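Each of the two complexes below includes subunit A, the first together with subunit B, the second together with subunit C.
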Partner chain A sequence: MLNTLTQAFALITTWEVIIAIFAASVYGLVIGSLPGLSATMATALLVPVTFYLSPIAAIATIVAASTMAIFAGDIPGALLRIPGTPASAAYADEAYAMTRKGEAELALGAGVWFSAVGGIAGTLSLMILAPPLAEIALSFSTFEYFWLAFLGLMCATLVARSSPVKAIASMFIGLLVACIGIENPGGVPRFTFGMTNLFGGIEPIPALVGVFAVAQVMRAMLTPEPPPIPRRRFGSILAGQWKLTKKYNWQMTRGNIVGIIIGVLPGAGADMAAWVSYAMSKRFSKEPEKFGTGHVEGLVEAGASNNASIASGWVPSLLFGIPGDTIAAIAIGVLYMKGLNPGPTLFTEKASSMYAIYLMFIIANIIMIPLGIIMIRLASHVLRAPRATVMPVIMLCCAVGSFAIGNNIFGVVIVATFGVIGYVMEENGYPVAAMVLGIVMGTMIEQSFVTSLIKSDGSVLPFFERPIAAILAAMAIGALIWPVLVWVWRKLKRSPVPATSAR
Partner chain B sequence: MRLPDRVTGLFLVGLGAAAAYGGWQLPPVPGQPVGPNVFPLVIGTGLALCGLAIAFGIGRSFEEEEHLIPVEGGQPQPPTGKLYGLRVLLPPALLLFYVAIADRLGFILTAAMIVYVTSTALGARWKVALPLALLAPIGIHLIFSKLLRVPLPPGVLPMPW
Partner chain C sequence: MSKKITRRAFAASSAAAAAVAGFGFKPALAQAYPSRPVTVIVPWGAGGGTDATARIVAALLEKDLGQPFNVVNRTGGSGVVGHSAIATAQPDGYTIGMLTVEISMMHWQGLTELAPKSYTPLALMNEDPPGIQVSSTSPYKTVKELADAIKAAPAGKFKASGTGQGGIWHLALVGWMQAMGLAPNHVAWVPSNGAAPAMQDLAAGGLDLTTCSVPEARAIIEAGKARSLAVMATARNPAFPDVPTLKEAMGIDYSTGAWRGIAGPKGLPAEVATKLTASLKKVYDSKEFKDFMSNRGFGTVWGDAAQFAAFMEKGDAQMGVAMKAAGLSKA
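Entry: the complex of A and B
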């Protein structure tokens, strides 16, 4: 244990890793704080760069950039009422109300302080949860993996803030995309339409870049530019945060726990954690009437929650290769690229790398406090960069980055195609995150499904025979029929009303 | 590009049916009951069913309207013309333009055009767009080609490094 810890320290105290963490932090802070550029997009655009780094440095950039970007989304949320990332949308109103009351320092300070606390709590959960779960996961067969992956996909559709039917449809689209190529049980070209470029299948990363970055540039073409941030001078950012920590200790802990649970659930990420925690904070608050008028309590809970979910989202990613959210989906791609294939054996064979990941999370969350304060002070300058100068650079990064992943120009075609697909889907209420998870998990779910079917000789019964498989199956099927039950219940409750009004 | 649910739903029915049919046609693995044909069959059927449900408006009641945050002072209304909506296709079109032309023209020139067009489309004046179109491609080239050794096409204007 101590030995692996020293090894882990040795792994991360190279210049390459230190520079990578620092540069990725600055990058994450800037992208995260620009309205319209989300944390997922920041991470996706970073992948081509990680290609050329050592494994630990590559993961370090992902960890640092995603952690910073989730916090940095609070900055324009508080100053402009425009959340920088979707994860800050839940409490942007509240934070802006505080700014109008002249408490911008307190709101932003709470953002940086409780984000750091939440991030560290999430990391601790990753350290504590992952190894024992890995022990259990070692005895999993393809049946359990199938149900686990299925459950993951169902969770992704359950938490989407849109119609569950559309979310399930998005997920199927993603799975269909994953069908393309020759990497299937028979090794035959499937849905390739004779195009050699499609034989290798659709890489998740260019698809992600298309869905999250190109689609965003497309949206920017039709929406008016957000107003620039008014210049202001800030007082002390961290003053009073310790008092808040003591006063809202329970809220903070609850936010951490909720964030951790939502992060571990496959498919549900930081934005969901923030919405749930903010709603919970309001529900259980002693002074709910103050919410919406610039009350810091909800900020504490939701800020702690969304950053906690980032670290705990890595638990299912590292253990099963099932992403906890879209950022973790990108991380899985990087892990595979770097020979750290997700799976329970990762914790025994590459223990020092795992400890290095924990350490990087903790370091990233600690340096977030000073870097975050600098970013807040510089915000009025950075956020002045007009969209017309940022978006063209993003376009170039999309083109070059997707080319760099395979040194194949076809990657750029994929990015453009998925930009259109992502834009159309989002416009019509189909959540793209569900599709992304489908693409990432498609191969895995097909493999476990077909292998299980071959093992069971085409019978469905063995899918439910092993105890853990049965539990997972029950949960997955429950998740599938849950929206149906809710729908029927709502119909039953509502049907008498129009009947009486018709008379 | 907001389409009625009926249209997107029926499109998904078609897509699902095509996928199921295409999967069904795939050759099975000899001596195995299941092969590469099973998964597309399942996915396609599921997608078609979802498409039907969407076309008939099932699950609509769950949809939350986008939580739009009004900006103080009122937002400037975007001009609405017939061709205005087509601007949205500019980014993917530019990327395809890059695919078609980058090998012949080289990275720097193609990238400069993409930057200039995108920047102008987003409302930048030429005083901003032109320097950006000169500097951004060189910067990106420096990072990706020099630092990360991505083989970007040199074309007619190779960089000295």
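Entry: the complex of A and C
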């Protein structure tokens, strides 16, 4: 083991690898922090570059760029209310509210600090617990995935600040959007209107960019400039994070654990981890009424959770070649291209390469702190820049980003369409984040439900018979009827306290 | 003397330059192909198997022909968008692309007008036959045992997966059922979002078998969670020498596969096509290509322009039969 570790060190301490990690980190931070450009796009654009690198350097660029880009997605989320990934969409409102309160450095500091903590916790789980975690991943069949997706969808109402009815309505619009295309269990075109481009369906990322970034630009054009945030020096970013770590230690740990578990389940990934953790944080908080008003507690838990899930998401990728999300799918392609074929032999025959990958994760998460702070400082200038300058740049990034991912002009049309949809929804009080969650979860919930019924010949019993499915079902149904029970209980006791937790 | 010639040569070359500037691309055509970078369109996303194959081919073409071959991923529309971009490109040899088996399937479903005849075939590079995998806890040790159990069981009892409804591995199952004289849907198809989730569900105990290719199942097989019982091919895969063909294991002569090849838009000039096919042959024979493909477990099959055209025509007809039988065809 020690010998392997030394070999791993030797593998990553070459100039090529060091330069690759550093350059990819800066690249990931820049792409991730530009509204409209996503972490998936950042990773996809790296593939041609990795073709010319040595295997370890190639993996290093993917690891470093994706780690940085996921965190950097929090930056425009906090400063402009334009989340960079569906994962940061869960808490973008909260972070932006903190910025409006003049606590941008605390919000972003929490982002970088707890992302790094979560990332390292996830990496440790990958190093120590890969085999048992892989067993968890392989014990999930479509029955379990159905309940998981069901629980994920319920977070829409838990997280929303608006009325739960509007949140559910938004989520259903998202589910409807997820119906588009031919990539459904029946393999038949739905809502494509004969347009070839719609066959592949609507990806969550262009929809996310549209409803947040483009809609934000539209709002900016139609509303007067908000009162400027008091001009002052951006305070220390790391100050106070240690205090938060001690105060919210349990939330952070819970975020890490939830992130690691959701991360190893292929298909769920960082997006769902952030939503579930944010919802849990609110549900179990001592002060849930503060959520949505610029309260850091949820950011701690969700930030820790989504980065933990990225590292643990490599468990099924490395052991079985099953990608956890789109980024992992690209990473697997690079692994194959470089002769590091996923599978258990990677852990035995190429153990030093494996340890090199672990080390790169840890290094990437550590250098994320100083580089992230520099990036946050640079990005904070956007708060003082005139809106008339910022908004056209955002628009340009949206157009470039949506085109670059598939070299398809239709991507730009999708982003523009969702910009209009998002604007209309927000103006009428429908939370757009819930719609994005619906799009993310829609395919999974339909696929798992329909295929489960095919497998059970139409019987619903297996949804409750398999042990893990039964536990998840109990959780989902419990969470559904809990607010009702609370309401009935309070009615019976004639308690004057309003049912705030019923959300 | 030398001065004079230089001046004359200079005058001649400036005249030539003026001609190039004045008459546009006519002199450029006379130049040897390729005289500028070539775009290679891939209808699938970066990081996938098709993308990787296209990138290694492009890199080797670049080495042979001395011009950059840039891979562009034109994704969307379940592959239709990229395939359409190859077919509708200017037939000048500066836009070519990688075709995949879907081109012989999608038109039967009425999803597109595009068919193999919409292209100038250049070379077939790869074919991966479907395998038959079961979970390591499955009682069936050979494909014969599995087939007997399937025959004895009522229709729909056995569940298989590997890709979406109407995908290549679904049609492989249909073809195998028909070759055994069973109804196309005797084994129920559970659509999945690709081979990896299907293999996961197989290991999780949710399925009886998968019909994806053996390389796609490799990681799970090596993890000891699944076994491959046979391949629906004419010969064994050298990377998996222990897996017999259907013919060896149960005397059924049925083979199909997912293939990849290089083609240009219809009406490519003959000299350009000949040159590309010759260069692709060099790529195919190169050690780099062979090493790359065998490392991934991808099968290599060579077909020149005429053979590739015949191969696609035969495959197209075979797909049509299987899709009609499975009730997936609209034609």
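Observations, loosely collected:
Heads up, the rule we're going with is that the second predicted complex is superposed on the first by the 276 of 503 C-alpha atoms of A that agree within 3 Å, B and C clash if a C-alpha of one lies under 4 Å from a C-alpha of the other, contacts with A are read in each partner's own complex, and residues count from 1 in each chain.
One rule holds in what follows: contacts are C-beta pairs under 8 Å (C-beta built on N, C-alpha and C of every residue); 3 or more make two chains touch, one makes a residue touch a chain.
Everything numeric here is computed off the predicted structure, so don't read it as measured data.
Taking subunit B and subunit C in turn and counting the residues of subunit A each one touches, the greater count comes from B.
Once chain A of one complex is fitted onto chain A of the other, the partner contacts of A:P185 extend to both subunit B and subunit C.
When both complexes are overlaid on chain A, the residue A:I332 reaches subunit C alone and has no touch with subunit B. In the superposed model, A:F51 lies in contact with both subunit B and subunit C. In the superposition on chain A, contact of A:G240 is made with neither subunit B nor subunit C. When the two complexes are overlaid on their common chain A, residue A:N407 makes contact with subunit B and with subunit C alike. Once the two complexes are overlaid on the shared chain, A:P288 sits clear of subunit B and of subunit C alike. When the shared chain is aligned, subunit B comes close enough to touch A:F449, but subunit C does not.
Look at A:A89: by the touch rule set out above, it reaches subunit B but stays clear of subunit C.
Of the residues of subunit A, those at positions 48, 51, 185-188, 407, 450, 454, 457 touch subunit B in one of the two structures and subunit C in the other. By the touch criterion given at the top, residues 45-49, 51-52, 55, 59, 71-78, 80-81, 84, 109, 111-112, 156, 159, 161, 164-167, 188-193, 196-197, 199-201, 203-207, 218-220, 222-225, 292, 295-296, 328 of subunit C touch subunit A in their complex.
Residues of subunit B that touch subunit A in their complex: 1-3, 5, 8, 12, 15-16, 19, 22-23, 26-29, 32-40, 43-44, 46-47, 50-51, 53-54, 58-64, 67, 69, 71-73, 75-78, 84-85, 87-96, 98-99, 102-103, 107, 111, 114-116, 118-124, 128-129, 132-133, 136-137, 140, 144, 147-152. Residues 48-49, 51-52, 80-82, 89, 92-93, 161-166, 168-169, 172-173, 175-176, 179, 184-188, 190-191, 214, 217-227, 386-389, 391-393, 395-401, 403-404, 407, 409, 412-413, 415-417, 419-420, 423-424, 427-430, 446, 449-450, 453-454, 457-458, 483, 486-487, 490 of subunit A are the ones touching subunit B in the complex. Those residues of subunit A whose C-beta lies close enough to touch subunit C in the complex are 44-45, 47-48, 51, 134, 137-143, 181-183, 185-189, 196-200, 266-267, 316, 319-323, 329-334, 336-337, 339, 341-345, 405-408, 410-411, 443, 447, 450-451, 454-455, 457.
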